[in-house]
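Common to both upcoming complexes is chain A, partnered first by chain B, then by chain C.
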Partner chain A sequence: MRKSTVVCALLLAGCNRHQSALAPFGLEARSTLTMTMVLVIGALVIALGVAAVYVLAVRAPEGRLDHAGGMRMVLWLGAIVPSVVLTALLVWALPAMRPLPETAQNLRIHVEGEQFWWRVRYQPQGQPPLISANEVRIPVGRTVVFELTATDVIHSFWIPGLAGKMDMIPGRTNRLVVKADKAGTYRGVCAEFCGLSHALMAFDVIAMEPASFDAWLAVSREPPIRTQGRGAALFAASGCNACHSLIGGESIGPDLTRFGERITVGAGILAPTVENTAAFIRDPHRSKPGARMPSYSAMPEADALAIARWLKEAGR
Partner chain B sequence: MSLHDQDDPALREAQEARLRKVWEPPKGLFLRWTDTNNNQVGVWYVLTAFGFMLFAGVLALIMRMQLAVPDNDLVDAGTFNQLFTLHGSVMMFLFAVPMFEAVSIILLPQLLGARDLPFPRLSAFGYWSFLIGGVFVSGSIFFDAAPDGGWFMYPPLTTRTDLSGLGADIWMLGLSFIEVSSVAAAVELIVGVLKCRPPGMRLNLMPLYAWYILVVAVMILFAFPPLIAGDVLFEMERLLDWPFFDASRGGDPLLWQHLFWIFGHPEVYIVFLPSIALFAMLVPTFARRHLLGYPWIVLAAVGTAFLSFGLWVHHMFATGLPKISLAFFSAASEAVAIPTAVQIFVFIVTLWAGRVVWSTPLLYATGSLAIFVIGGLTGVMVAVAPFDWQAHDTYFVVAHLHYVLIGGTLMPLFAGLYYYWPLITGKKLSDRLGRTAFWLIFVGANVCFFPMHLSGLEGMPRRVFTYPKELGLGGLNLASTIGSFVIAAGVAVILLDLCRSPWRQKAPRNPWEAGTLEWLAHPDDEDWGIRSIPLIESRYPIWDQEDFVRKVDEGRYFLPDAEEGRRETIVTSVLDARPVSVIRLGGPSWLPMLTAVALGGVFILTTYHFYWAALVSGVLTLALVLAWLWTGTAEIPEKPCKPIGHGIELPLYISGDSAPGWWAMFITMMADATAFSGLVFGYYFFWTRHEDFPPMAMADGPGVLWPMVALALGLASWLATMAARETHARGKITLARVLVLLGIGASLAGVFAGLAGPWLSGMDPQTHSYPAIVWTLAIWTTAHCGVAAIMLAYVLARSLAEKMTPSHDADIRNVTVYMHFLALTVTVTYLTIGLFPELA
Partner chain C sequence: MSERRKWHERLKVTLWTLIVPPTVWAGHFLFAYLWAAISCAKNGAFAKFPVLFTLGTLLALGVIALSGWVAWKQQRTIGDPPPHDEGTEVDRLRFLAKSTLLLAGLSFMAVLFTALPVVFIGDCR
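Let's turn to the complex of A and B:
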């Protein structure tokens, strides 16, 4: 048993608190973690038990076990005990397969996976939708229903601290019902291999107190006030607005309306600095191979910096 | 010939000289590769599969170097994706499955006291196909063209030609080619186990290895064809833009996942059970007693095989399936642990009851059992759906599957290597190096893979070429990388041991003092396999049967001679192993290799869109197959019977359901029917997916008339063939020939009628999954009608050439088996495409 406590301690001592099934901030992940602990302890007990039986078997002198005794042991240890344990496990685990209860009033968030970013649409009951990208905000203590799909290839939506993963499949819409119970900033990732930059397809998850979430939702509906300087002119002149919306409308690429609020750039992979943003504009494939955005390598660095600065102004 | 004759040493020497001459391998730089003897082909096969294992291992080391530290840039994303795709594909398709087949090709005849397997040329064909396909697939990485969609190749990522390049075609066509050779080997092994056992070896006296081979080969027969069906749909989409997996045109990416995992999960047991089979051979040897619970282990193996086909959906728990299927597949996935536990405890109680002799093979067996048990327990964990939603597609699963495969495939193979090396080479490997290697591999595997459980739960998804430093996964990954190199060091020590083997002394015969037939092999092995084919009365004849080895060696059992200068072995009945006949085996020939080259050409040229060249290669393949059949099968012997000793005379020609050829045809057609059912599954899967299927715009489908005409023609050719078989057997040869001619006509007309439905209705397969799947079913079925016409023409030619007579009618009997399955295929296809739209 000492070994198992050591392993449990190891399990709990994960140093990563942002993207770990061992550091839950939601009901689903929390109950799964409890289940994990039970399974791990059970597995350890069984593994050590089999090892002990094996050592006894090898050491026993010839003829200690006769044919009938051997057959009894196979029957009990090989068939009956595993059947009982597994049946118990199944019965115990079945209720956990049921999703959390939901009502029509619950906040719906539609997320679409695309190579290699996330299109997010908040659909609060009785209000117009709010479009965003690469960031998911949820209120703590309220049930939230994610509606998940994909446009190009299969992705998988995984916020380890919140709940298990759910695939995003073109032509299908899957639902994932969650309830966060601890405010904070977390990270989600794509868990289904989706192409060249699968490893670089992440997003930020911000669990907010309900009141601040409501306030954020209300503020976010208003288009941010922007200056009409050099950045704005360059953004338009370079054709950025062909793919990126700045007013929360549908767009080909990620929505950039409240870009300044984001805590990462490039779908969860870069720190939100002006320099990173400018570098991404000039050569997106350096930090994200296979991204759909074309390179603007001909754009002078100063221009890219100007656009980046201007984008970051908005939404603060 | 009586027992008395064998007392004469001069006679024995003369017999041995004849046997030696008959079984002598061809010599010369080129000619030696035409050999078909299982001893030669099996060794090439093992070495090739081992080579692919080392290659895939090196790929893994490069991956581990890239992941050793966060944000590393040793290899780029594109290369990394090729690395992990090839690592998985090569280990599964070019190492684990072929290695099982290779080992079985070497061991099975020895275990069954047969001179060779029933179709040695088929084994050789399988080997050359494997070599060509394997080099084609794995060589692609040197041209930066390797498949990069994961070994599971999920569409649409892999079917969209704008998102994936040539690599996807290389995977699909190259591995389809290898799947064909795997099925060929499965046919060979099943017929070998069922028909080539020594007299007296009833099913319940069969060595457990043979039982496992039977179970696993049957699994291959039912598991690979759905993947082949999937491959067909996949390439239709890639090459012809038929939208089976494109949701915007009525397809569904999940169809591929179902077909892939109906193959993919049994595959896990296909690579695991043969290793358990090695345990079942070596545990009794080192426990110095019979295995306890023989019926238990046979039932457990059969039960595992059965259950393994009912749990593929646990690879799809996160695809948003209905809860009821989650519960069912969760239960089935947990249940498979029960037969596995039975098998493990059978070994443990055998050791308990016996006197354990410690040895290097047993050390490997022990270590692999320890690792496997951990992998099995994490397997039960991921069978629990809610836990799987967290663990799925993370490093936890990477840890789980490597514990299972290292404990359940790799290390048992090393146990088998140390155990059987003296059997193959006559020399023992070094115990010291073996133990060193064992500890390196055992410790390395745990250091490498144990931390992955944690990195997975801490949020590290699979198939990532890098991970950010902020996640704090650097330490765990570094440990894994160190562990992987320790494993590699262990494998290097084994290689060193193997390389030093030629300079070691010969080991005594049967160095482990085992009790099973294969240990009759002599250190100075002769190519004839076994001196005389024994009468079996026990599961451990060397231990239990008096004077057994001497009697075999002195040719006192059956078939001790090769008077007519032909390679021969005894065929027995399926259940109780009564001798039925003596069959002549194919000797060295260029045909297997040339056929493999030609068939490989079909797949490889199609990959590069050289369709005309591929067609030429296909015609060449057909010509070679016909030449092979014409010269090498259903040969009318120079005399009806021959004595095999002890006053027993056996016929030299048999046809119908006691002949190996009939069984081979039947088994092949089971695989064919399974692939076909995969396509039919596709049709009904689309129906369940759509509110309106067929879609309103094409509600009439191919119409009713032409499918019904095609059905009538298909059934007519089937009836004509059966009538021809019966009249032919009654000696009315002319009438039989006319009936065969009618059958050819009906089959050919069936080709046109089958295609006329979708063609005349103007169904465009690029518009929607419905016309695409209808066309696919029609093409599959009419292709089978075309093959039927060719087969019947072959039968007619054999009859005209007087190579087929009423008393020697294997050709038409075997073709009739094909026609039974054709009748099934036309019935299902044309009722589905013709009448189902009327109902739906």
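Let's turn to the complex of A and C:
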């Protein structure tokens, strides 16, 4: 009893609402959940039925069962019924495998997997693109097309609550068409082993009401107002801007234009505090082994904190 | 008796006829996949419910059903009486016929399961 309580508690610890295929917020994940439930309950009913037949067969009085009856049961329950059930399930499930319909007007979001972060480019129809990183915002109720690729190794883009996973392959662009139906803050992960920090390569997904999404997109296009204090000077002097863009341009490392708006630091792994940001600057490999960013262990903590504070004030 | 002997002489199942249903399944599978891949690569789109595909599938199902029917007829051949101390011609025939029948059933479902995605998905992505 105590053991089973512990096991149940451990299993329940896996339950959450932000990164779970059992807590869908999109069309595809919702139909997958329905199918999963039908399959699980169906399998349970069949297993109980088989167990019941087994018990009946063992308990039947001598002479009640004959060979011909047994063979008939094998034919019906072993071949005909499973064939019909499997065909019915296939016909029911196949339309769900069809990608959602899309038009040229749909918002396109280009996401590139890199060890161990995500380069994001929003490409709304008829508007200039918006560059971001490690965070994806999508409007609820509108079709969104993700164009997925990678630069170094194979990654996989998976937002469990939204849709199935899709590989990100260098030199190839895969498309994933999604439609969210519930606003909220969720999480996506890399689902293909890609190196030391594979398990630490995540991103935030924010499903927004269409009006607030449009407003956010318009505001985000304006460069954020930054003070020219000590943080700015240290950022430039330490060479941070060699890799990180602050104006939404192409850059080697993650774009930091609206860093203050992000709800995690280091691609979905740390709380967005000034302290965590400063610690990441001085020693990125402690929280992200194998990351390409060099450590700035020689930088005094006060300087790292100043840069972190300065970065976080923009985009708020 | 002599008439029945004639009947299996004409339609005798052998190891070669045993592999007809799975071979048709393999051929249909290859045909369906190659055809979809070539159609997507050359035309950039799936042909909607194409006649060639429908005919090919019906042909495959027909050949499998026919070989299953022949096997079904032959597995009803009366077996030798006991004791079954050694294999006889009739035992061999009954075994091959039953195996062919089961393979035909499996291959029929498999061809159907290969064809259904073409009808329901029809998308190159």
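What we mean here is this: the second predicted complex is superposed on the first by the 281 of 316 C-alpha atoms of A that agree within 3 Å, B and C clash if a C-alpha of one lies under 4 Å from a C-alpha of the other, contacts with A are read in each partner's own complex, and residues count from 1 in each chain.
Quick note on the criterion: contacts are C-beta pairs under 8 Å (C-beta built on N, C-alpha and C of every residue); 3 or more make two chains touch, one makes a residue touch a chain.
These figures come from a predicted structure and were not determined experimentally.
Undergrad: Determine, for the superposed model, which of the two partners chain B and chain C contacts more residues of chain A.
TA: Between chain B and chain C, B touches the greater number of residues in chain A.
Undergrad: By the touch definition at the top of the document, which applies to A:175: first (chain B), second (chain C), both, or neither?
TA: both
Undergrad: Would you sort A:98 into first (chain B), second (chain C), both or neither based on which partner it touches?
TA: both
Undergrad: So which bits of chain A does chain B touch that chain C touches too?
TA: 79, 83, 86, 90, 94, 97-98, 175
Undergrad: Write out the stretch or stretches of chain A touching chain B in their complex.
TA: Answer in residue numbers: 10-11, 14-16, 18-22, 28-29, 31-32, 35-36, 39-40, 43, 46-47, 50-51, 53-54, 56-58, 60-67, 69-71, 73-74, 77-79, 82-83, 86, 89-90, 93-94, 96-98, 115, 152-154, 156, 158, 160, 163-167, 169-172, 174-175, 187, 189-200, 269, 289-290.
Undergrad: With touch defined as at the start, can you tell me which chain A residues reach chain C in the complex?
TA: Counting only chain A, the residues touching chain C are 79, 83, 86-87, 90-91, 94-95, 97-99, 175.
Undergrad: Give every residue of chain B touching chain A within the complex, in rising order.
TA: 76-78, 81, 149-150, 154, 156-157, 160, 163, 247-248, 251-254, 288-289, 292-293, 296, 318-320, 323, 326-327, 330-331, 334-335, 337-338, 341-346, 348-356, 366, 369-370, 373-374, 377-378, 380-381, 384-394, 454, 457-459, 461-468, 470-473
Undergrad: What part of chain C is in contact with chain A in the complex they form?
TA: Spelled out, the residues of chain C in touch with chain A are 105, 109, 112-113, 116-117, 120-123, 125.
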